[in-house]
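Before anything else, here is the set of structures, which you'll find just below.
There are two complexes below, and they share chain A, which is joined by chain B in the first and by chain C in the second.
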Partner chain A sequence: MSVRRFNNGDADADLVVVGSGVVGALIAEQLAGAQRSVLILEAGPRLDRAQVVENWRNLNFQQRVSSDYQSLYPQSPLATAPLEFPPNGYVLLTGKDGDSFHQGYIRAVGGTTWHWAASCWRHLPVDFRMRANYGVGRDWPISYSDLEPYYCRAEEAMGVSGPNDPAMQSPAERSRPYPNDMIPWAHGDTRVAQIVNPHGYRSVPIPQGRAVRPWKNRPACCGNNNCQPICPIGAMYNAIHTVQAAEAKGVTVLAESVVYAIDTDTNNRVTAVHWYDRNRQSHRATGRAFVIACNALETPRLLLMAANAQNPRGIANRSDQVGRNLMDHSGFHCTFLASEPLWLGRGPAQSSCLVGARDGAFRSEYSANKIILNNISRVGPATQQALKLGLTGTALREEIRRRTIHGVDLSISLEPLPAPQNRLTLSKTRHDGLGLPSPDINYELDDYVHRGYDAAAQQLRHIGDLFNAVEFEVTTSLNANNHMMGSTIMGFDPKDSVVDGDCRTHDHPNLWLPGGGPMPSASVVNSTLTMAALGLRCADSVQRALEHV
Partner chain B sequence: MAYRNSVTLHRRRDVLALVPTAALCFWLRQTSLAADTVATPPDAFVLLSKLLTGFPDVNPELAIRLREALLNMVPATAQAVARLVPIGLRASDDSTLMITARDAGLGEAALAVIAAWYTGTVGSGAHTEVVAYADALMYRTVADGLAPPTYALGGAAWWVAAPPPAGVSPPMAGPAQPARRPARRGNPT
Partner chain C sequence: MAVHVWSVRSGWLAAGALSCMAVVGSGAAQAEAGASEVAEQGRYLAIAGDCGACHTRPDGGKAFAGGNAMMSPVGVIYATNITSSSTAGIGSYSEPQFARALREGIRRDGTHLYPSMPYTAYAKLSDADVHALYVYFTQSVQAVDEPPPVTRLPFPFNLRASMVIWNMLFLSTARFEPDPRRSAEWNRGAYLGEALGHCGDCHTPRNVLMAEQSRRQFSGTRVGGWYAPNITSDPVSGIGAWTRDELVEYFKTGALHGKAQAAGGMAEVVGNSLQYLTPEDLNALATYLLSVSPIRDQSDSRARDTWGAPVEHEAELRGRPTSAGSEQPEGNALYSGNCASCHQPTGAGTADSRYPALFHNSATGARHADNLIAAILFGVDREVGGSHTLMPRFDATSYVQPLNDTEVVTLANYVLHEFGNPSVQVTSDDVAAARSRGFAKWRVQLVDGLLIFAGVVLVTLGLWRLWRGRSTYP
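For the complex of A and B:
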C-alpha cells in the first residue's frame, strides 16, 4: 500500500510515524509488511556514511579525544540537536545535576543509532518490579516475560551477537539463542575477565548489534574501532538499515519534515499531524494510526508544543506526566595504567562488561552499576597525556606507546529512579530555527544514585589494585550517557502515567509513544534493545488496532 | 591495508642521510639566530621535525602542509620556529636541542611543532587546522598492534590474534621526566 500524496504536499497513510530512528523504523517496516501504507516524517536530513566518516577524520584532535560525537553529523538548521563544541544552547539545563544531563542525539534519517556503540542489553526480570522487590522506583505494567518474545524479535531484527553460554548471559532467561554467538574477545577483554572474575565482578560479553560474519545486508565487523561515532563500513546495526528495508517495502520517508502540531477529534482520536518542510511550508498528514518515536526529549517536546483546545496541557498529558520522570544512566569514568599491557582498542568499541553489581538486595538502598571495559583505542588520550609531560623524541614515542597499551578506561553506569521533578518543559524565551520552543530541563539526582557512586568507587579501587594500577583516577562529576528514558512514562493508572503496556496513550486511542520515554525503570544497561522491543510490541498493537478501523 | 603499506614504505626510507646538508648550511649562513622572518625552508623544517619527534623518516609532504599551517595559524610560533631551525641544525639529539631551545625561550614553540606532528592538528582552541588524520605520528607509535580508528588491521575478527610484544617498559608511579637523554631502543613500531 502506498501513501497518498496530494498536489499541495499533504499526505494520507494508514500509519503516520514521526521519527525515523530504530523504534519508528522497526514499526514502519512491520506495518508495511502487513500491507499498510506508512509515512515516516523525519525532522533531520538524510546522511551519507562516507561523508560522515570524512567529517570525523577532519575534526580536530581536541574534539576527537573529547568524544565529540555530534559535530560530524550535518544538521538541518530547522531541526537542531545539541552541540557542545562549541555549545549551541539548544537545551537549557538547570537543577543541581543539570550538568550531568548533556545528551547527544542525532536528528537525521536513521536517528541516534548512527553513533551508538550497538550494545544490546536486556533488562533483568527484576528490573520490571523495582517497587515490588526493592521498595523503590516504579513497577512496569508488563513483566519481563511479556516483553521477552519482543526482545528476541528485536535481537533478530538488529542481528545481535551475544553469548550463547548461559553462564555468560545477563539475564539468562531467554526463549531463543542469540542470532549470532558472542563477538570473540581480544586479549584485553580476556585478560581483564581472568583477573576480575575470581573476585565476583563477573565480566561477560556485551551483546552487540554487529557480527563477525555477514548478516543480511551488512558486512562482517572488521574491528575498525570507530563504532562511536560512525562505523565506516556499515557492519554495525544502525536504524538506516531498517529504514532502507522499510522503504523497500513501500514506506515513504520524508526527511527535513518537522512535525509541530497535532489535530484531535471530539473523541480525542488523533486525525492529523502538521509538519514544516525544508522551505518552511506547512503540510498536513492524515492517518488512522499515529506513532511518535522521536526520543525521550523530542517526543515530550512535540506533545507539549502541540497542545490544542481539547488538550490544553499538551497531547497525551491529562496526567501532567509528559516530560516528567526523565532519566539517563548517570555515568562516570575510571582510568588507570595497568601493570601489564592490555592493548585495548583492538576490535569493536565495547565487547566486555562487569555486571557483578547489576543486581542485589542493596538495590533497596542504592543504585546498581555496570562497568564497561571501553575498547576504544587509548592512543588519543595517551598522546594528550604524554605531550603534557613535555616529552620529546624517542621518550615521547615510547611514552605514548606505554600509555596506549597499558591504558584502561572503565565507563560506569548508575541507575536513577524516576522522579516527577526531573522534567522537560518548553522554553518561553529560546526557539529553534523554525521559531518552535526549545527544551528546558531540570535535573536533580537523589542520594540513591550518590550512594551507588560511592559503592562503585570502592569496587573500582579494588579493581585498580588487582591491576597494580598507576595513575588511578575516578571522575567525580557525573556525565550523560545519551540513554534518555521515562518522559512519557508507562503505567496502569491514567492518572500518573502517559501510556499503557503497549505504549498506547491513555488519552488518545490511536496514538502510541514507543521508545525510551515509556520506560519506568532504567536498569543500568543501555536502553536501545528495550526501546526496540517496546517498539515491536507497539507495532503488534498498532497492527491489531488497524484491523478494527 | 593501504595504511599498513604506507608504514612499511616509511620504514624503508632512510633517515638523516637524506637531508640536503649543503643547502641547509647555505641557508643557515643567511639567517641569524634572531631572525624575524617566518621564511623557514621546508628541508630545514624536516630536519628539525625529525629531531623533535624521534621519527627519522617524517613524511616530507606532510611537513610542507604542517609548516604552512603553522605559518598561517600561529604567527608567533612561526617566527619562533624560524629561530628554532638553526638550533636544530647544531643539536646532536632532541635533548640537547630542547635544552638550547628553552634557554632561548623557544621551548613552547618546539613543543607546538611536536604536538602538531603527533596529533595532526595545528593550533588549539577555536583556531585549529587539521593537516593529518591517519598520518598523525601518534598512530605510528602503536601501528604494529592498532590501526588508526576507522581503519583496520585485517578482516573479520583479526583482533583475536595475540597482540605484539610491548617493546617498552611498564608504567612506573610518577610521570616520566622530559629533557633527559633517553636510552636508545629499537624502533617499537
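For the complex of A and C:
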C-alpha cells in the first residue's frame, strides 16, 4: 500500500510515523510488511556516510579527543540538534545537575544510531519491578517476560552478536540464542576478565549490533574502532538499514519535514499532524494511526508545543507527566595506566563490561552500576598526555606507544530513579530556526545516584590496585550518556503516566509514543535494545488496532 | 560410439562391479553399496556441473526443488524441480528421458526447455556420467513434492517450439571426444571445462544468434553487468602468466593475492562448485585451461593483473572544513570516505588480502571496466570454505551508502587512474547500463537474445521452406 500524496503536498496514510530512528523505522517496516500505507516524517536531512566519515577525519584534534560526536553530522537549519563545540544553546540546562545532562543526538534519517556504540543490552527481569523488589522507583505495567519475545525480535532485526554461553549472559533469561555468537574478545578483554572476575566484578561480552561475519547485506566488522562517531563501512547496525528496508516495502520517508502541530477530534483521536517542509511550507498528514518516536526529548517537546483547545496542557498530557521523569545513565570515567600492556583499542569500540554490580539488595539504598572497559583507541589521550610532558621525536613516539598500550578507560553508568521534577518544558524566550520553542530542562539527581557513585568509586580503587595502576584518576563530575528515558512514562494509571504497556497513550486511542520515553526504570544498561523491543511491541499493537479501523 | 575415458573411472566400473557381485551372489547389501557409489559419483558430477546454482533457491530453498526466479525483461523464468519427486520433479523420468532433457533440452512431455539450461554443453557428457546423474537425482535427492511456479512468458517468447530451429543450427549432439595425443589429465580437464563445467557459457563470446563462437573460445565476453574475462592461455590478454598452482588456488578459494578475486557469477561458481572438486580435477582443469589456444586482444599492452602501484593522496584531504556534502566530491574524497577504510588509503588492502589490493587486480587493470563498476554497484559476495566474503554494494539499495551515477563514475575513474589501467575511462552511460543490466542471472539475457533470434529464425526458415518445397530435403 502506498501513501497518498496530494498536489498541495499533503499526504494520507494508514500510519503516520514521526521520526525515522530505530524505533520509528522498525514500526514502519513491520506495518508496511502488513500491507499498510506508512508515511515517515523526519525532521532532519538524509546523510551521506562518506561525507560524515571525511568530516570526522577533518575534525580538529581537540574535538576528536573530547569525543565530539555531533559536529560532524550536517544539520538542517530548521531542525537543530545539540552542539557543544561551541555550544549552540539549543537545550537550556538548569538545576543542580543540569551540567550532567548534555545530551548528544542526531536529527537525520536513521537517527542517533548513526553514532551509537551498538551496545544491545536487555534490562534484567528485576529492573521491571524496582518498586516491588527494592521499594524505590516505579514498576512497569509489563514484565520482562512480556517483553522477552520482542527483545528476541529486536536482536534479530539489528543482527546482534552476543554470548550464547549462559554463564556470560546478563541476563541469562532468554528464549532464543543470539543471531550471532559473541564477537571474539581481544587480548585486553580476556586479560581484564582474568584479573577482575575472581573478585566478583563479572566481566561479560557486550551484546552488540554488529558481527564478525556478513549479516543480511551488512559487511563484517573489520575493527575500524570508529563506531562512535561513524562506522565507516556500515558493519554496525544503523537504523538507516531499517529505513531502507522499509522503503523497499513501500514506506514513504520525507526528510527535512518538521512536525509541529497535532489535530484531534471530539473523541480525542488524532486525525492529522502538520509539518513544515524545507521551504517552511506547512502541510498536513492525515491517518488512522500515529506513532511519535522522535526521542525522549523531542517527543515531549512536540507533544507540549502541539497543545490544542481540547488538550491545553499538550497532547497526551492529562496526567501532566509529559516531559517529566527524565532520566539518563549518570556517567563518569576512571582512567589509569596498567602495569602490563593491555592493548585496548582493537576491534569494536565497546567489547566487554563488568556487570557484577548490576543488581543486588543494595539497590534499595543506592544505584547499581556497570563498568565498561572502553575499547576506543587510547592514541588520542596518550598523545595529549605525552605532549604535556614536553617530549619530542622518538621519545614522544615511544611515550605515546607506552601510554596507548597500557592505558585503560573505564566508563561507569549509574541508575537514576524517575523523579517528576526532572523535567523538560518549552522555553518562552528561545526558539529554533522555525520559530518553534526550544527545550528547557531542569535536572537534579538525588542521593540514590550519589551514594551509587561512592560505592562505584570504591570498587574502581580496588580494580586499579589489581592492575597496579598509576595515574589513577576518577572523574568527579557526572556526564551524560545520551540514553534519554522516562519523559512519556509508562504505567497502569492514566493519572500518573502517559502511555500503557503497549506505549499507547492513555488520552488518545490511536496515538503511540514508543522508545525511551515510556521506560519507567533506567537500569544501568544502554537503552536502545529496550527501546527497539518496545517499538516492536508497539508495532503489534498498531497492527491490531488498524485491523479494527 | 566414442571411447569414454571417464566411463572407466565412474559409472561403468561401478556397474561392472555390480554385475560381478550379482554373479557371486553377494546379496542385496553389496548391490546397494554399488548403487550408492554410482549415486555418490552423480552427486559429485552435479556439483561439478553446478546444477544447484539454478535449481536450488539461494534463500534457503530445498535442494534441487527449483523455483529460482530469473528476472528477465520479458518475464520471470522459474527453474524446474529436479528432485526425485514423481509429481513435481523428475522421479518418473526414464533414463533416456533424463538424458534427452540434459543433452537436448527436451522434456519428457516433448516440450523444449529454454536454453537457460546449458544443454549444449551437457550434450558432451559421457553416457556413464549421465547414468550417474540419473541415479543420483532419481534415487538420492530427497523428493520435494512442491511444484515451482510455472514459467509463463508472453507471446512470442512462449513459443518453445522455436528452439527446434536454433537447436538444428547450433546444438551438436556429439559426445566429448578425448584427444589421444593429450594426457589423461588434460582430457579430464577438457571434459570438465567444456562439458560439465560449461566454462564457455560465460567466457566464450556468442554470435548474433547467441551461439558460442568456437573460434573465439574462452576469449571473454560481457555477462549481465559483469565481464567474464579472457581465460585463454595468452599471457597478456588471458591467464597464460598464471601458474597452474595459482589457477588451482583461485578455483579453490576464489581469491588470488595480487591477481584476482571471484565476484558476480564466478563467485557463485567457486562457492557452489569449484571449491568442492578434487585436487586432481582442479589440476586437470588448470592444465587444460593453460593449454587453450591463446587469443590476444591487440589493444592489450600488458596483463590485466599487472597494472598499478600503491599511491596515497590522503594528506591532500586533511585540514578541510567539515561539509554538508552538497557539492559533488572529487574522486580522492569519494575513495577516502567509501573505500579506504577497507582497501586502505594506499589501495594496498590488508596484508592478509582479506581486503584485496586495488592495484595488481584484474578488476582495475582490465580493458573493460565492467567488473570494477559491477563490484562498486553490486558488491562482492562469496562463500568459500565456510568463510563469507562480502564487499557491500553501493547501488541504490546499499545499506552502506547509495552512490549516484556521477559518484560512481568519479570514483571508478579515480581508482582506474591511481591504481589500475589509466587508459580506461568510465562514463555515466557505462554506469547506467551496468545498473540496468544488473546482477540478474546472466543466462536470462542470453535467453532473451536466443528467443528473439529464434523467433526471427523460425519465421525466416519457415518462409524459406515454403518457397523451396520438400524437395530441399533428400
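Note that in this section the second predicted complex is superposed on the first by the 549 of 549 C-alpha atoms of A that agree within 3 Å, B and C clash if a C-alpha of one lies under 4 Å from a C-alpha of the other, contacts with A are read in each partner's own complex, and residues count from 1 in each chain.
To be clear about the criterion, a residue touches a chain if its C-beta (ideal position, glycine included) is under 8 Å from a C-beta of that chain, and two chains touch if they have at least 3 such contacts.
Everything numeric here is computed off the predicted structure, so don't read it as measured data.
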| item | value |
| --- | --- |
| Chain B versus chain C as contact partner of A:49, first or second or both or neither | second |
| A:403 touches, of chain B and chain C: first, second, both or neither? | first |
| Partner chain in contact with A:248 - chain B first, chain C second, else both or neither | second |
| Partner chain in contact with A:186 - chain B first, chain C second, else both or neither | first |
| Chain A residues touched by each partner, larger count belonging to chain B or chain C | B |
| Contacts of A:347 with chain B and chain C, given as first, second, both or neither | first |
| Partner chain in contact with A:220 - chain B first, chain C second, else both or neither | both |
| First, second, both or neither for A:232, with chain B first and chain C second | both |
| Contacts of A:194 with chain B and chain C, given as first, second, both or neither | neither |
| Contacts of A:57 with chain B and chain C, given as first, second, both or neither | both |
| Overlapping contact positions on chain A, where the chain C interface meets the chain B interface | 53, 57-59, 213, 220, 222, 224, 226, 232 |
| Residue ranges of chain B in contact with chain A within the complex | 51-55, 93-95, 97-98, 110-111, 114-115, 118-121, 124, 126, 128-130, 133-134, 136-139, 141-142, 145-160, 162-163, 166-173, 175-180, 182, 184-185, 188-189 |
| For the chain C and chain A complex, residues of the former touching the latter | 317-325, 329, 333-334, 336-338, 341-342, 354-355, 381, 388-393, 397-401 |
| Complex contact set, residues of chain A against chain B | 53, 56-62, 86, 183-187, 212-213, 220-226, 230, 232, 337, 339-341, 343, 345-347, 376-377, 379-380, 382-383, 386-387, 389-406, 470-471 |
| Chain C-facing residues of chain A, complex | 45, 48-51, 53-55, 57-59, 71-72, 74, 213-214, 217-220, 222, 224, 226, 232-234, 240-241, 244, 248 |
